[in-house]
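The same chain A turns up in both complexes below, where it pairs with chain B and then with chain C.
Moving on, here comes the complex of A and B:
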């Protein structure tokens, strides 16, 4: 029969419409603004359609979500910050839109390069969030961030991030990507154990 | 009035309102009431350029719902729009149309550059056919980074725009200056790109030497 498909489709829409009200009654006030409410709404058991009330609540960010990259520094025992970046420039080379530029450090006495960046810039208005820099970095020094609330009024003053703005501690990275962090730490420990045995 | 959720600083101009009259009267400045009306009625223009438009559509749909911010509907005409969301790669062929649409929008008008391409050219920033940043032609109010920005990131950009509207004053805003505003000149395609309007000219140039050749040949033959 002609038109049966349309009716079927409209039936689905109608069940969603009714389902959202049924769910509202069943969850009465706990459906929005609560973590379990959001967890329920994003699960397969959710019936109906719902709106993410963004500024008040936001969807849980999956671990592999990637936005603008950031640089990791390790906090030493005496409290000083040790950049993981050695300014090798691999990230700048693989970056497809070429949004990274690095100023290398030279030893003022000998004039030979020191393995740490003097400055590190990322133009976040060019960055295409591909994650190649994080993938290619041999020192796990640059990783993709989860923070997406970056819009501003001035591109040139605020959207060209320097090293200060990009640097974040390793504990932050462990917080946003726990499984990745655990895996990388395990690999690192294994390598060091091998080195010690040799 | 309290349920309508007015900005918290509505009454903050030094006048004391007696406690029994709170929620009944509001003493405010013209700027504040003007900006409040404006910030809750920013209607975006319905046009998309590239992949960012998909995220913009998602933001406008029921799951993220622009209407919660008073951006009630996407208007298909620049005459009814306050906000131009430049969502996607702006090619050199498209920029004359964008500038023309911007000129056609009535004041107040705002521009939001959504995504890497509109803000700075993105991966195509050195492309032969892409404008590296729409801010070279139209004044951009808010830049939203991301490739593409997620719907939540776009909403954050729109809230930034509302902040900007809040900070405006009727006395200083550029479209109420005496003399009004000059429209932005519509850019013309540069010499590095073929202007389709010149096709007849190209054809005539191409055709002319061929004709001369044939004439010379015929002269030789004669």
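Moving on, here comes the complex of A and C:
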């Protein structure tokens, strides 16, 4: 029968239309603006409206999500900050768009390099969020951030981040990437135990 | 140029025996194939096509072997990759021509699919193809000075020959290169070119070609023909793509695609990069299917690196799973937006994108990014599946996607409006599809069941049971149907892969930040969602590739667009383009 195909198609749109109400009623009051509502809307059983009403609500960020790198410092017992970065330069060498600039500290007396960066710049306009710096850093000193809301009024003045702006405490890192953090700490503890046994 | 004195004790290959004195084996270390004398190219290619059945010209590219060495000679080398459309390994041959007079015969007469690729080699490398009917620049504009892929050419924001740049560490004083080299002061025009009087819409060379094509067209009644420019800003060109169409009434007389608006000289960037730096750049080619791009590039470099880069089994499975998920998400997008082009405003597109969204959620959880995945490494993949992701993929593949693809099928396939709009539109015969080097769904919808996963298997595709989808009418409707078929086949592969997914390592050895790649050449090709995606990589043992070429399926599939459209109504142009499924990031590179 001519037109049967169209009718079948209309049936599909109708089920979608009705389905969205079914889900709204079944999840009455919980479908929007709640974590379990968002989880349901991104699950295999989701039907009806998929839209996440950003910025009122937003999708949960998976642990591996990567955006603009940041530097980690450890907080010592006396409250001082210890950079994990030793300015070895691997991140600057592996960076595909070459957006990392590092100034190495030299000891003023001996002229030898000190394992701490004097300055550290990332041009976030150039950064392509590939995550190589974090992946290849041998000291777990640079990691990818979760914060993606970075708009500013003047890109020329504000989009080159310096060490101050890039540095964040290790506890922040533990908060956004708990699994990775736990794994890295375990490896570190194992290494130290080996050293102590020697 | 070539060392003509072949080693006497070596046995002559079949090709050398067939063409004595014309063909010699390429005996450089790490290289494959034969070297053909430049003046015998046409004769050789004719014999290949007509006697030996190498009817599919996959890739033409050029390499600039520029050397400072006084004793060695600099030359251009053209590299041809040919295949049989019935399957099998490649036949590679090369032509070496002097650098000061780079002229070679054009293959367009024999293989129409050479058209755009030869134009690209002219545009970027400056190689003249004698007998090419339309040798204009293709990715650059006429006001561009020089040939950017030549080794002695430097870009406007030139810093150094190769990354990593020396001033980044340890003395890195940050600066914005735009401040040192501001826009407007970094360009150079060819002699006699005045940018202030140049107007793109009056590009004389383009209009001349259209005119020439229109001369062959004759109608009884004299009518005035007009040229219509579709694009570059047009919602149905899927990006910044322009088609100059010459119309007689509503009938298309000639059509020339104009591209390059998104050109960023990907290959030149790739030659500045180290090998591993190229991986995230490949994501940006066909940004809808970055996993496939990673796959192709990883295969090419792994071929060069040899055994130490063979991925462990789990990594192979993860690669296949990701590549097939990519194919599904790409085809969903393609179908959705084909329907948009047909005028079904966004309802089918959004139904399709919903499923794509769930696939992207998985990519984000595994790789950290929804589209720019950067997941593959040489010898494996970057990271293992996080907890719970495998279950998520299973839910999607075993439960939701089969249901949703069936629903899409029910929704669209039999719809009378779609059928009357698509059937018999943009018909491509199998002979044409092969001759024009069409690839992927475009080729298979024309009745040529050529799928690299079967024809020349890579990775672990030979372990899975699946069929090569083929349709036989070669029209827009079949190019829609083939995508539905392929999604179902991808689901079959995924179901098997998930069942067999082994435990174990995901990377062969360590993951060093600088890989050592021995000198040589390699061509890695995969069956991407849009067709044959190939990466031709030449290494000279240094940290950066000497040559890095992408055989972009979207770009080469456009060669056949004019053939598809001529003689039809102007309203069908948009549908035909939609059915090829291009992504401008890959077309323009």
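One rule holds for everything that comes next: the second predicted complex is superposed on the first by the 184 of 198 C-alpha atoms of A that agree within 3 Å, B and C clash if a C-alpha of one lies under 4 Å from a C-alpha of the other, contacts with A are read in each partner's own complex, and residues count from 1 in each chain.
The rule is short, and it goes like this: a residue touches a chain if its C-beta (ideal position, glycine included) is under 8 Å from a C-beta of that chain, and two chains touch if they have at least 3 such contacts.
This one's a predicted model, so the numbers in the text were calculated from it and none came from an experiment.
Asks: With the two structures laid over each other on chain A, which partner does A:96 touch: chain B (first), chain C (second), both, or neither?
Replies: Both: A:96 reaches chain B and chain C.
Asks: Does chain B (first) or chain C (second) touch A:131, or do both, or does neither?
Replies: second
Asks: Is it chain B or chain C that touches the larger share of residues in chain A?
Replies: C
Asks: Taking the superposition as given, does A:123 touch the first partner, chain B, the second, chain C, both, or neither?
Replies: Once the two structures are laid over each other on A, A:123 reaches both partners.
Asks: After superposition on the shared chain, which partner residues are touched by A:113: those of chain B (first), chain C (second), both, or neither?
Replies: second
Asks: Thinking of the overlay built on chain A, is A:5 touched by chain B (first), by chain C (second), by both, or by neither?
Replies: second
Asks: Looking at A:79, would you say it contacts chain B, chain C, both, or neither? Reply first, second, both or neither.
Replies: In the superposition, A:79 contacts neither chain B nor chain C.
Asks: Who does A:50 touch here: chain B (first), chain C (second), both, or neither?
Replies: Both: A:50 reaches chain B and chain C.
Asks: Once the two structures are superposed, pull the chain A residues common to the chain B and chain C interfaces.
Replies: Looking at chain A, the two contact sets intersect at 50, 59, 96, 98, 123, 128-130.
Asks: Write out the stretch or stretches of chain A touching chain B in their complex.
Replies: Residues of chain A touching chain B: 49-55, 58-59, 67-68, 96-98, 123-130, 148-155, 159.
Asks: Can you list the residues on chain C that touch chain A in the complex?
Replies: Its residues touching chain A are 163-165, 167-174, 176, 273-274, 276-281, 347, 351, 354, 357-358, 361, 364-369, 372, 374, 382-383, 386-387, 392, 395-396, 399-400, 407, 410-419, 511, 513-514.
Asks: Mind listing the chain A positions that touch chain C in their complex?
Replies: Within the complex, chain A touches chain C at residues 2-6, 8-9, 11-13, 16, 42-44, 46, 50, 59, 62-66, 87, 89-90, 92-96, 98, 100-104, 113, 119, 121, 123, 128-132, 135-136, 144, 156, 160, 179.
Asks: Which stretch or stretches of chain B touch chain A in the complex?
Replies: For chain B paired with chain A, touching residues are 62-65, 68, 113, 116, 119-125, 133, 135, 140-147, 149-153, 155-157, 159-160, 164.
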